[in-house]
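In the two complexes below, subunit A is the common chain; its partner is subunit B in one and subunit C in the other.
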Partner chain A sequence: MDEQTTLLEQIMAYDFALYDLQLFLDTHPSDANALRDYKMALEQSENLKRQYQAKYGPLTPRYLPNTTCWQWINDPWPWDPKGGMNNVVL
Partner chain B sequence: MWFYEKKTQYPVNIKKPDPRMAINILTQYGGPNGELAASLRYLSQRFSMPTKETKAILNDIGTEELAHLEIIGTMVHQLMDKVPPKELEKLHVDTIYAIHGRAVYPSDSNGVPFTAAYIESMEDPIANLNEDLAAEQKARATYDYLIRMADDPDVIDPLRFLREREVVHYQRFGEALRMVQEVMGKKKYF
Partner chain C sequence: MENPNINQGLSPNPAISPNVVSIYAGNNCTGEVTMIPVMPVRPELSQAYVPYQIYNRIMPAQEALKKGTVFPELVK
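Moving on, here comes the complex of A and B:
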């Protein structure tokens, strides 16, 4: 697995943990342990996203690297990991 | 993936309930030219888009349509809020109440449930983008009808915003169509 995919899968793992904790906290809003875990995972996720986006470009359109070019549209999109037109027959 | 933000894309704050207008607007929630159909259409068709520009525009307009679905749902909810059932009967919107109460359910104004038959998704990106242009124009026309029926500025204002977004989307889909035609080397002029 290349470095970009490894980093992205780490982000996906932390973000999934965050989402699962979010659902738990929705029905257990004063659970101190879940809140602590959420905070820890959030810090990890934010840190990994900072690294990823600086190296490989935006994960969301609200990340605007210091450049003159709109990088949001760039490959890879999640459903075409190799980018381009590989799986479209023209 | 998606992440929710606790705000609407455009402010909705309707002070005066109007159940008849709620039912008229309901078609933009789950009707043939509604926001749910629009979102599912574009988010399904994006998988068949051949360039990064067209993948992005289908993805991003499909996402914006979900925000529009929320605006319409909010409007229907506020227009129906706390209206007594007897009042609904007098206004002849009691048949919807009999099925769903004052809930927001994805149907058209006649209560016909949402169906994916309202949309198409084909491998041919030109077929998809032509459908998308038509869909935006039909939605724009629907907002026109709704604005003509409405008299409360709190209702007209968000409807005008949504109508304008249809025009912007139409423009972007036109550009996407031209890009795909260029890539496919088969220029067509309309």
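Moving on, here comes the complex of A and C:
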């Protein structure tokens, strides 16, 4: 598996963990251990997204590394490691 | 912590019963501490109940994604 896919998988894993912990915290809002693990997972997710976006471009349109040039439409798209336009026959 | 029995908000309290946990009544870790049973002491007919989950440990994120939950006790 290449580095880009590995990073994407790690991001998905931490975002999934965050969602599952969110559901727990919704019914256990004063559980300090769950909140501690939520914070840790959030830091991991943010670090991985920072790493990914610095190397492979935006994961969402809200990532603006360069305010003079809109990078969201650049290939490849986050879910398309081979590049969108490469697969389009004009 | 002011009260050593209040273990960071939520934990089984074996001094009272293994099936009772102590939680803060408020949702911001303040307010009165209240005891909550894992399952109702007197369940009512026609009502459905879910046992109150106690936080233990969570799995590494990638293992959790494969198994569909971060909680090992929920893997069936």
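Assume the second predicted complex is superposed on the first by the 76 of 90 C-alpha atoms of A that agree within 3 Å, B and C clash if a C-alpha of one lies under 4 Å from a C-alpha of the other, contacts with A are read in each partner's own complex, and residues count from 1 in each chain.
By our rule, a contact is a pair of C-beta atoms (placed from the backbone, for glycine too) under 8 Å apart; a residue touches a chain by one contact, two chains touch by 3 or more.
Not measured: the values here are computed from a predicted model.
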Next item on the list: Applying the touch criterion given at the start, work out whether A:L21 contacts subunit B, subunit C, both or neither, answering first, second, both or neither.
Entry: second
Margin query: Looking at A:A13, would you say it contacts subunit B, subunit C, both, or neither? Reply first, second, both or neither.
Written below: second
Notebook entry, point to check: On subunit A, which partner touches more residues: subunit B or subunit C?
Noted result: C
Notebook entry, point to check: Now for A:A41: first (subunit B), second (subunit C), both, or neither, which partner does it touch?
Noted result: second
Note to self: Touch test for A:M1: subunit B only (first), subunit C only (second), both, or neither?
What the structure shows: neither
Next item on the list: Scan A:P61 for contacts with subunit B and subunit C and give back first, second, both or neither.
Entry: first
Next item on the list: In the overlay, answer first, second, both or neither for which of subunit B and subunit C A:A32 touches.
Entry: second
Margin query: Is A:D75 touching anything from subunit B or subunit C once the two structures are fitted on A? First, second, both or neither.
Written below: first
Check: What is the shared patch of subunit A, the residues that subunit B and subunit C both contact?
Finding: none
Item checked: Residue ranges of subunit A touching subunit B (in the complex, touch as defined) -> 15, 61, 72-75, 77, 79-80, 83, 85, 88-90
Next item on the list: Report the residues of subunit A in contact with subunit C in the complex, numbered from low to high.
Entry: 9-10, 12-14, 16-17, 20-21, 24, 27-34, 37, 41, 44
Item checked: Parts of subunit B lying in touch with subunit A, wherever the complex brings them together -> 1, 46-53, 55-56, 59-60, 123, 125, 183-184
Margin query: Per the contact definition, I'd like the list of subunit C residues that touch subunit A in the complex.
Written below: 8-10, 23-24, 26-29, 53, 55, 58, 61-62, 64-65, 69-71
